[in-house]
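Read through the structures below before going on.
In the two complexes that follow, chain A is the common piece, with chain B as its partner first and chain C second.
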Partner chain A sequence: MFGSILSSGLAVGAIYALIGITYNTMYSTSRVMSFTAGQLGMLGGVLGSLFILKLGLPIFAGFLLTLAGCALVGFVTELVAVRPVLKSIEQHLYVLSTLALALMIQQVTAIQWGTEPQPFPRLFGIGSGVLDEKFWLPVAACAAVVLGLELLYRRTLVGRAFLAVAEDNFAARALGLPERHLRVFSYVLAGVIGGIAGFAAGELMLAFFANGPLLNFYGFVPVALGGLGNNRGAVLGGLALGVFQQLANFTVGGVFASIAVFVLFIVVLLAVPQGIFGSAAARRV
Partner chain B sequence: MPTDTLTAVPRAGAGSGAPTRGAGLPVLPYLLIFLLACALPLAGDNYWTVIATRAAIYWVLVSGLNLIVGYGGQLAIGWVALLTLGAYTASVLAGGNVLPPVPPFAALAVAGACGGLFGLVVGLPALRLRTFYFAMATLGFATIVTQIALAWQDVTGGGIGLPGPALPAPFDSEVGLYYLCLAVAAACTLLSASVAASRFGRGLIAIRDAEVAAEACGISKARLLAAVFVFSGVFAGVAGGLFASLQTYITPEAFTFELSVLFFISILIGGRGSILGPLLGTLILTALPEFAAPLAAWSNFLYAAMLLVIVLTVPGGIAALLDFRGRRARDDDRRVLPDPSRLQRLLDRGESGRGIELQDVSLHFGGVKAIDGLDLAIAPGRIHGLIGPNGSGKTTTLNVISGYVTPQQGGVRQAGAPVPMGQPLACAGRGLARTFQTPRIVGDATVLQNVMMGGHVRAAGTFVESVFRLPRHRRDERALHQDAHDALAAVGLAGLAHLRADRLQHSELRFLEIARALMLHPAYLLLDEPAAGLSADEILRLGELVREISRRGTGVLLVEHHADLIFDICDHVTVLNLGRVLASGTPQEIRQHKEVVSAYLGA
Partner chain C sequence: MTLSRRNFVLGSSGALGAALIGAPRFARAASDSIRIGWLAALTGPSSAPGVGFDRGVNFAIQAINAGGGVNGRQLELITRDTQGDPTKAVNATQEMINSRKVHAIWGPTNSGESLAVTPIMARARVPNIHPCVIDSLIDTKRFPNAFRIAPSSTQWDDAVRGYCLNVMKVKKIAVIGDTTGYGVSAAKSCAENFKRDGAEVVYLGNIDATQPDMSPDMLRMRNAGAEAIVVWSVSTGMESRMLNKRADMQWDVPFVGHPSLASGEIRSLVEKPQNWDKVYAVGYRSCSYGADGKLPPHSQELVDRVKGKVRLDDTLLWWVAAGVDAVELVAKAVRETGSSDAKGIIEHWNTLKAYPGYFGTYTYTPQEHNGYPTQEVVMSAANSARDGTFALAPGYN
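Take a look at the complex of A and B:
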C-alpha cells in the first residue's frame, strides 16, 4: 500500500516536475508562460505510440522522432505565438496566443488520433509491481533531464549564454549575445523536455489527447508553488505534488484528491503569490 | 468603448435622460439585432429557433463575463464552471431529488444566487494572482466542478445525468423558451451596459490598463472586482438554469472546456472594452458550426485559430474595427490652450491650515538610501518645488506621500494628523491627487473617460444603483460629466474629449493627467515632472495653469528638472541630493546657494 502510493506518486510527480521544467525553460528566455507545455507532454505520448506501435519503428528511432516532433512544436510556438506578442508583453497577449495554439494542437490530435486513450508500447520490460518500469521510467527521465540541464548550464558556452539571457535580457543583449537565437533554442529545448516527459509517461498515462490540459494544470502547480523559473522548486514541488495526490487518491478517492490538490494550490498561492522559492515582485511606480 | 455607449448619458445640466452623443446612433445596432431576433421564429424553422435560443443563453453568460474579461482584463478562462453550477442547481431543485421540488422559476433564481456566490469564490484569487496564475486557477476550478458533477451521483445523477427544469406554459414550447431567453438576454445587455458606462465600468478599464493610476484615483481593485464577479456569476448561474431547460437533460459532458473557450473567445474576438463586439462574437461563434456542417468537427480548431489571428493582427477585435469616432482624423491645430477660469468649480475645498508635513522620513531599497532623514512641508495654496539630480529621491518622496512606498522611518502628517503609510488607495479620499513621470492612461478609452476616472471617489452611488441606473447614479454621472468637461477645458483639451487617448501626443497626455487629477477637487496636487517632453511654449502655459491651481487654495508639490519653471512659479524650493536636503528656501535664496549652483544648476 505505502510502497505503491510512493512509487506511483513519485512517478506522476516526476512527470509534473518535467512539465514544470518545460514551463520554466520557455519562461527563462521570454518571460512567457506558455499553455503549450502540457500539450508537449501529451504529444510525447501520442507521437511515441504513433511511431512505435502504429508505424512499427524501432523504439530508439521512435523516441528520436518523437523528440524531433516535439522540438518542432516548440519551435513553432516561439515563431507563431510568442515572438509576435513579445513587444507588448505588458498586455499579456501571450496568454491568449499560446492558449490558442495549445487548443489547436489538442484539436488536431483529437481529430487525427482519436479521443480514446490508446496504448503505449512497453519499452524495456524491466521491473514489476511497485518497481515496474512505468513507475521508475519517469523518475529516471526526470533525473536525466535535471542532470543534463545542469551540465548544459554549467559546462557549455551556450548554456551560460542561456543563463545570462534568463538573468537579464537587456544586459545579455548589450553584451552581444544572440538573444533571439537563444530564445528559439530554449523553445526547441523545452519541446524536447516536454517530449521526454510525455514519452516517459506514456506507459502510465497512455497516448491520450486529453492529457494536455491535465498536464498543463498539474505541471503548472509546482512551478507556481516553487517560483517561476526555479527548476529546483519545480522538481521538489512536482514530486511532493505527485505523492500528495496519490496519497489523497488512495485514502479519500479520486474526486477529493483533485479537490485537495486544487485547494492546496489556491491556498499556497494566496499565501505566497510569488511562490515558495520565488522572489518578490518588482517596483511598480 | 465609444461604439457602445448604449446608456443615455444626460447632457450636463439638462437631466432629461435623452442620448446626447451621436443622436442615439450607438443604440441602433442593438435595436436591429433585437428586432431581427424577435422576427426569427416567424421564419417557421424551429431548428434555427433552437440555435438562436442557445446563442441568447450564451450571451446571458458572456454579457456578464465580458465585464470581467473585456473590461477588467481578468483572464477567467474557466467560466463554464458557473454555467455547470447553475444548470445543476436549477435541475436538482426543480427535479426535487434532494429537497421537495421547487417551482422552476424559483429554481432559476436560486441558480443565479448560487452563481453569484461561486463567482465570488472563483474570482477572488484574481486579487492576488497574476494573469496566467488566475487563468490556471479558473481552469482548475472548471475541471473540479465537472469531476464533482460526475462523482456526486446521489444528487447529480453522475454520468447518467438528470432532467433539466421543465418550465410552465407558455415557456414549454421551443418558441416560448426562445422568447423567454431573448428577454433575459436583452435585460442582461441593458444591465451590463449600465455597469460598463458607469464609473465602475471605467474603473474596470482603469484596473486593466493603468492599475497604478487607478489606485491613485482611489479605485479599489478588490471591491470593484468582487462586485463584478458576483454580478457576472449571477448571469452565469441564470444562463446555466436556462441552458438546462433548453437541453431538457444534462450530463457532465454537456459542459466541456471547449464551451468555456467559446465564451472567452467570443469576448476577445469582439474586442475588449466593448459590448457590441462580444455580442457579435457570440452570435458568430454560435452560428458558425451550423453554416459549415462538414467542418463541425473542426469548429473548436477554428475558434482557436480565430483567436490566434485576432490576437496577432487586431488585438482590439471587432470593436476596434467598428470604432470610427475614436479614429477620426486629427485636427491640424492641436495647441493646448488652458483656460484657468474653468478651475473655479473644481477647486472649491478652501483648505487651509498646516498642510502636509514630512518628518524625518528615511527609506532605503536594500542598501541604497533613497531618502535619508527628509523634512518637507506642502502648504495649502502654495507651490513647493522639489529639484535635485537624478537619483536624489524626488520621485520617491512623492511616492511616500502618495502611499506607493512605505518609509522605514518617519511619517507624514496631513492637517496635523498622522497619515497611515503605504496606502495609495486612501489618498484620493483625503484630497490628494498625483500625476506620473510616465503618463499612465488608458489608451483604449476616450480622453473624456480617462478624465472621468479621476472622479471615482467623489461619486456616492453604489454598484447596485449603477446596475439599475437609480437616481443617485444619474446624479453622479451628471456631476462627473460636468466636472470632466470643466477639467478638460481648464487644461486646454476640450476639443479632444471624444478621441481615443492613445491618439494623443505626449504633451497632451501630460495635460490629460492633470485634468484627471483635478477631478478629485484636490486639496493637494503632486506633479511628477509635468514639464518633461513639453515645448517651451507649453511649459509656459503649464506654469500659468499650475500657478492658477495654487491660487485657488490647492497645495502643489512640483517635482521637476526644468529649473526655469521651478524658479518661475514656486513659492518654496527644496533641493535634494542623495536623499538629503541640500538647501531649502525661496527661489531667490536657492539661486544664490553656492552648493546648489555648483552641484546642480551650474554656473
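Take a look at the complex of A and C:
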C-alpha cells in the first residue's frame, strides 16, 4: 500500500507541479494568472493521442507536434487573452479573458475530440506495478523541465533577460530589453511545459477533455501553496499535494479525499498567506 | 310556432352555410397527417442513443406510410435536435405543442431534458412516450400523459441485484458509484436494496471519475472480501481504470452494473482485452443472443426487416427497436380509436396489456405507466457486442 501511495502520489503530484510551473511561467512576465494552464495540460494528452494513435505518427514526431500545438495555444493566449488587458491589469480583466479562452479550448476539444476519455499510447513499455512508466514518467518529465529551466535561466542570454523582465519589467524595458517579445516567448514556453505535462500524464489520465478544469484547479494549488512565481515552491507543493491526496484516497476515500485536500489548502493559506516559499511583497511608496 | 317562408329561407341558408364552412374542416381532419413530435439529441455529447433511436423512428414512419398510413392518414415526423440541452428541449416542446399541434411526442431520450419538459407536456395533456430511466419521471397523478417504454433505474437495480443474488449466488457485495448526483444516489439505494434482500454490503464508496489510480478503493474492496463489485456510473474512464487495476491485482472478482460497462469505449481503454472478461452490464432479453448465437425470433424479425435499410453495426439494437415501438404505439392508438385525439390515445395506452413490441412487452394501466417488464431486463456479457446486441451473461436459460 505504501508503494502505491508513493508512486501514484508522486506521479499526480509531478503533473500538478508542471501545471504550477506553467502558471508561473506565464505569470512571471505578465503578472497574469492565465486559466489556460490546465487546458494546455489537457491538450498535451489529447494531441499526443491524436498524433500517435489516430494518425499513426512515430512517438517522437507525435511528441514534437504536440509541443508545437501547445506552444501555438500559448502564443494565441498571449495575443488574444492577455495583451489586450495588460493596460488595465489592476482591473483583473485577465481573469475573464483567460477563463473565456480556456472554456473555448475545452468546448472545441469536446466537440472535435469527443466527451469520452480516449486511450493514450504506451510510450516505452518499461516497468510494471508501482514502477510502471505511467507513474515514473510524469516524475521524470518534471525533473527534466526543472533542469531545463535552470539551464535556460542561468546559462543563456534569453533566460537572463527573461529573469530580468520577471523581476522588474519597467526596469528591464528601460534597459532596452524587448519586453513584449520576452512575454510572448514566456507564453510559448508555458505552452511547451503544459504540453509536456499532459503528454507525460497521458497514460495515467488518458486523453480526456475534462482533464482541463481538473488540472487548472489542482495545478493552481501548488502555486498558492509554494508562493506565486516560485517554481521551487510549485514543485514541492505539487509533490506534497499529490502524495497527500493519494494518502487521503487510501484512508478516507471518495468525496472526503477532496475535502481533506481543500482543508489542508485553506489551513496552509491561513497560516502562510504568501505561500510556504513566497515572501511578503514590499510596496514602494 | 308557424314557419314563415322568410324564416325557412334564413334557416336553410344558415344550415347550408354552416355545412359549407364545416365540411372542408371535417374532410381535412380525416385526411390530416398524424403529427408525431420527436425530441432527439442528434448532435453534441451523448448523441449516440439519439442517433440510434432516430434510425428506428424513421424506419417505422416510412414503413407505415408505405403501407398506406393509419386509417388513410400519413404519419408526419416533426424532429427537433435538442443537442441534449434541456433549454433547447423546452423550446422545441413549446413549438411542437403550440405551433405544430402535434398529436403525440416521443422523447426526450435523456433524463435531464425529460425532467425539464415532462411538466410542460403534462399541462398540455400531450401523449408522451419516453425511454428515460429516472423514477420520478413517471407519476400517473402528476403526469397522466407520460408513459415509459424502457426500464426505470429501479428496474435496472432490481435486475443487477437479482443477477448477483440469484444467478451468481454471491452474498458479499461492494457497491461503487461515481461522485455525481446520479452515482451517489444510485449507489446508496442499491446498497440499501441489497441489505434489504439479505446480502452483506461489505463496501460502499464513491469515486471521483477523474481519479487516475483506482488502487485505494480496489484494495479496500478486496480486503473487505467482496465477491462482486456493482458499479453505478456512466464514466467509462473510471470503469476501465478499475478493470485494469483488477487485472494488476490478479483478482477475478466479477463486475456487474450500469450499461456503460458494455460501452465500446471500454474496448480501447482496457490495457488487455481479457481485462474486460467477467463484466456484466444491464441489457435486455429482446436484444441479447443466447449460447446458440441466436436472437429471440421477434427480435430477429426486426433485424431482418431493417436489413439493408438501417445500420446496426455502430449502434445498439434496443435503441432502434424502441424507436420503432414508439412510433407503432402511436399508430396503433390512432388506428384502434379511430382518432388522433390526445385523450383517446392516452386512454388506449392505459389499456395495453402485454403488447408485443420489438424492444419489450409493454403493459400499461391508468395507475402504472412503467410499462417495461422487469423480467426482460437481463445482464449481458459486456465484451460481447455484435451488431448492437450482446450475449446473455452466464446463468440464464
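In this section, the second predicted complex is superposed on the first by the 280 of 285 C-alpha atoms of A that agree within 3 Å, B and C clash if a C-alpha of one lies under 4 Å from a C-alpha of the other, contacts with A are read in each partner's own complex, and residues count from 1 in each chain.
Note that contacts are C-beta pairs under 8 Å (C-beta built on N, C-alpha and C of every residue); 3 or more make two chains touch, one makes a residue touch a chain.
Since the structure is predicted, the reported quantities are computational estimates derived from the model, not experimental observations.
Contacts of A:Met1 after superposition: chain C is touched, whereas chain B is not reached. Residue contacts after overlaying the shared chain place A:Ile59 against neither chain B nor chain C. Looking at the superposition, the partner that touches the larger set of chain A residues, chain B or chain C, turns out to be B. Judged by the touch definition given at the top, the superposed model places A:Leu152 against neither chain B nor chain C. In the superposition on chain A, contact is made by A:Gln118 with chain C only, not with chain B.
In the superposition on chain A, contact of A:Leu86 is made with neither chain B nor chain C. Judged by the touch definition given at the top, the superposed model places A:Phe265 against chain B, while chain C stays out of reach. After overlaying the two complexes on the shared chain, residue contacts for A:Phe250 are found with chain C alone; chain B is out of touch. Touch criterion not met for A:Ala164: it reaches neither chain B nor chain C.
Once the two complexes are overlaid on the shared chain, A:Leu72 sits clear of chain B and of chain C alike.
With the contact threshold set out at the top, residues 111, 253-255, 258 of chain A are in contact with chain B in one structure and with chain C in the other.
Contact residues on chain C toward chain A in their complex (touch as defined above): 44-46, 179, 205-208, 210-213, 215-217, 219-220, 236-237, 240, 248, 263, 265, 268-269. Chain A makes touch with chain B in their complex at residues 33, 80-81, 84-85, 88, 91-93, 95-97, 99-101, 103-104, 107-108, 111, 213, 216-217, 220, 224, 253-255, 258-259, 262, 265-266, 269-270, 273, 283-285. Within the complex formed with chain A, the residues of chain B that make contact are 75, 77, 125, 128-133, 135-137, 139-141, 143-144, 147-148, 150-152, 211-212, 257, 261, 268, 297-298, 300-301, 303-305, 307-308, 311-312, 315, 365, 395, 399, 404-405, 436.
Chain A contributes residues 1, 4, 8, 11-12, 110-111, 115-119, 129, 201, 204-206, 208, 210-211, 214, 246, 249-250, 253-255, 257-258 to its touches with chain C in the complex.
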